[in-house]
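Multiple structures are listed underneath, in structure tokens.
There are two complexes below, and they share chain A, which is joined by chain B in the first and by chain C in the second.
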Partner chain A sequence: MRRYLRLFAVQLRASIELALQYRVDFFVGGAMALFWLFWNLVPMVVVWGRRPTIAGWGFWEALLVVAWFTLLRGVLEGAVQPSLVQVVEHIRKGTLDFVLIKPADAQFLVSTARFEPWRGLDSLGAIALAVYALHRLGRVPAPGEVAIALLLTIAACALLYAFAILVVSAAFWVVRLDNLIYLFNSVFDAGRWPSTVFQGAWRVLFTFVVPLALMTTYPPLALLGRLKVSTAIAGLAGAVAFVTMARLIWLRAIGHYTSASS
Partner chain B sequence: MPEPLIEVDALTKEYRVHERAPGVVAALASVLRRKYKIARAVDALSFSIGAGERVGFLGPNGAGKTTTLKVLSGLLHPTSGTVRVAGFDPRRREHPFLRNITLVMGQKQQLLWDLPPADTFILNRAIYDLPEREYQETLGELTELLERGDLAERPTRQLSLGERMKCELVAALLHRPKVLFLDEPTIGLDVSMQVTLRDFIRRYNERFGATVLLTSHYMDDVTALCPRVIVIDKGRLTYDGDLQALAHRVRPHKRVRVRREDGREETVDVPQSELKARVTQLLAERGIADLTVEDPPLEEVMRELFMEKRTTT
Partner chain C sequence: MSLRSTLKAYPTLLRVGLAEAVAYRAEFLVWMLTMTMPLVMLALMSAVAREAPIGRFDQNGFVSYYLTTLIVRQMTGAWVVWELVREVREGTLALRLLRPIHPLVGHSADSLAAIPMRGLIVLPVAVIMLIATSGHDVTHDPWVVVIFLASLGGAWLLNFAVSATIGTLALYMESSMSIWELWLGCFMIFSGYLLPLELFPPWLERFARLLPFAYLQAVPVEILTGMHDRTSALHQLGAQYAYAAAAVLVMALVWRRGVKRFAAFGG
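Right, the complex of A and B next:
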């Protein structure tokens, strides 16, 4: 365990060095991170500008959802996707062999290979948004509510990671992955809206198939004191099951790779 | 012979390859109904290698060399047959096994492209969980063996191919593996760099008693490094033994070069049995400025070996 923590630190350090290596990239990276932070607010300002509530969500409540969306998009684009892109490169160039002959868990090695440190700004911005929204609502969440929101957020990060692992596993069979990543990003974009805004098949899709509800709607609901404990528990259990499934599929995919590639 | 460190018994590796005729119609048909054919890359191959040996693994393109190396390092699973390396079954890829081996591929690199090689070294240090002192010691020794200087400080992408390959070797050897699988480690390098790497591999082998299995298209690599060669063709074992003996078997001739005083040069291939008489006769001639007797180049030996094989099968 300590060894993996150290390994994680080494990988993270390399990514930070990389971010610092090109001066222009460094400043552009920072500016882009700030830009996205504000851009995320535009659609909701437009929509809520015309009506006070949508499906029971007022502006400041919906802002909490946007905060979680921003946070998770930072995690997705800052910690999950960069590594994913690297694995796809590895598979295409055949250099995954070097990863597989290392005496460490291959999934760990590939999924910590690259980070975009600038996306850390997203998390800071998200926290600021959430605090401001709660302030405007005049609500101070109870410690238990904060704890549930935190747990759900960790589960949400794990879910994002599991999705990425599934996409990477698919890369062992399908070579072109750009479309799959693009599709996932487009679907994830729906997470900026509270899940109850969607109806019928869409709500089922975003709750059970791509659990955006758990990722971006449940934690704010917990802070607002409107999430049932049973829903939170079901969400956490679902996340654990999903992550386990992703791990199993990854192991199968690696098995497939080693017996089929040349 | 020392106790075998690598044992390969009746190893067969087959691939299922999808085949289709050229053209759009055939491409469309293949989407709906795929035809597969079984390609046998390695066919009932058996050999064993003792600890500390340096063995050259030779064969024409597509002979199954890389496939065999990948099976030995656990990257591919055998279709049938058994393989043991340092007492382990490679396909299980157990960590103690992986700590004992390394794989260097001249065509692929593990160094992080945008960062200096030193960062890859640090990463590998963390992966192999090497204590700081041992790491510094090995790094110092490898650096010294390679006359590597300060290459590790510049980003990999700014290094020349030769410099990069040196650093690749350092990255691959930091954990002091007992078994080295080297797949074309000198490919694309200029002659002096080839010599440097060759010397390095030999010195590493001598200093750490490591076992080396090397494939190369440069026969000089093999001649300089490997007293023993294993030759395969179409996945089958063609020859396993002493390199010199192979040369004698395939080409029982010596090559005699003569330079005359007027500057003309001649080369004649003379059977071993007639060598003495022929040389005596040549030396007795007038106007001979220089005379050398040498073995035919290994390239020619190999070419002849594979031709001979093709015509007899």
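Right, the complex of A and C next:
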């Protein structure tokens, strides 16, 4: 365990050093992240400009959902996807062999290979947005509610990671996957809206198939004190089950790997 | 690279492009699925309109607006920017330049050749729309329908020219993909793709209609959903083709200057 923590630190440092070489990118990327944060609010402002509440969500409450969406997108694009893109490339070119012969768990190595640290700015912006929304609502969440929201957020990050591992596992069978990543991104985009606004098939899809509800809607609900404890527990249990399944599928998939070049 | 030989080769290029689209159908399907955002917006806006209509949109109005949006997007999208940027970075553009046909003409054939496949996906959507709304919010004037079909051509041309121009910028700079993202970001808001322009505050709507984005989505959609009579539809069509022609001109200029700088990396 200690060894893996040290390995993690090494991999992270390599990514940070890589990022520091491109300082202009850092500032441009940060400015763009802020720009997109506000730009993405435009549809919300227009929709809520027409109605004070939609399916029980006021503007500031919905803004909390957007904050969580932004936070998780930062995690997705900064910590999960860069490694994912790299490992798909490895599989395609057959260079995954070099990762597999290293004396550490392959899943750990490939999923910590690359980070984009300046994406952290996204998360800072998201937290500021959440604090501002809570301030406008005049609500100070109880410590218990904050704890549940935090737990759910950690579960959400784990879910994103598990999804990435599933995509990588699929790459062992179907090889060309860059557009699967775009597909996931475009589905994930629906997470900016409170999931309880959707009805019927959409709600089932966003709750059980792609658990966007758990990722971006439940934590704000917890902060607003509207989440049932049973729902939170079910969500956490679901996340644990999902992550376990992803690990099992990964182990099966890696057994399938036959180097592309030999 | 004369015009005659290009015209003679074009049908063959289209056949090859269609064969490729069929061969990579799984990938193709995934690309199409990434453009289903209008369905999510439809689900959202129906929830908003459940109690009372917004502007001229009741729930049925939103069904026809967003399904038409989906159809227009599927039929007119162009992804040439990805191909061009990859070819420049990997140096395979050199191979294209060797062929006795303009690379952009080849790409346009690839893009057009996918239309039968796209139509296959779009057709059920169109049928569902007509059944779900019993044709209420769709124009009944056959000439307006013809103008709508023509506007699909204009929207494709404008999409393709912009996409190819930004792809060509990869010859000048490394970060042309972030320009594409910027374009897409503006497209999402100003084209009526996410929300009908009519729902914007009036000053913002007026501003959005001056920009080229509206001619990619909002204008064809509004023509089919019966917001324009014949004359105003024709005016919109004229403006759209003017934008498309200008974009093609820019594309040609950027390409001609850019290709001189090209030195096949690692080719």
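Keep this in mind: the second predicted complex is superposed on the first by the 255 of 262 C-alpha atoms of A that agree within 3 Å, B and C clash if a C-alpha of one lies under 4 Å from a C-alpha of the other, contacts with A are read in each partner's own complex, and residues count from 1 in each chain.
The rule is short, and it goes like this: a residue touches a chain if its C-beta (ideal position, glycine included) is under 8 Å from a C-beta of that chain, and two chains touch if they have at least 3 such contacts.
The structure displayed is predicted, hence computed values, not measured ones.
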| item | value |
| --- | --- |
| Partner chain(s) touched by A:A241 [first = chain B, second = chain C, both, neither] | neither |
| Chain B versus chain C as contact partner of A:V229, first or second or both or neither | neither |
| Partner chain in contact with A:G49 - chain B first, chain C second, else both or neither | second |
| Touching partner for A:I16 - first (chain B), second (chain C), both, neither | neither |
| First (chain B), second (chain C), both or neither touched by A:L150 | neither |
| Chain B versus chain C as contact partner of A:L7, first or second or both or neither | first |
| Contact footprint of chain C on chain A as seen in their complex | 28, 32, 36, 39, 42-43, 46-47, 49-51, 54-55, 174, 176, 179-180, 182-183, 185-186, 189-190, 193, 197-199, 202 |
| Chain B contact footprint on chain A (complex, rising order) | 3, 6-7, 10-11, 14, 17-18, 21, 93-95, 97-98, 100-104, 109, 258-262 |
| Residue numbers on chain B that touch chain A, as the complex places them | 15-16, 41, 66-67, 70, 73-77, 91, 93, 95-96, 98-99, 101-103, 105, 108-110, 112, 114-115, 119, 122-124, 126-129, 155 |
| Touching residues (chain side chain C, partner chain A) in the complex | 26-27, 30-31, 33-37, 40, 43-45, 47-48, 54, 178, 185, 189, 194-195, 199-201 |
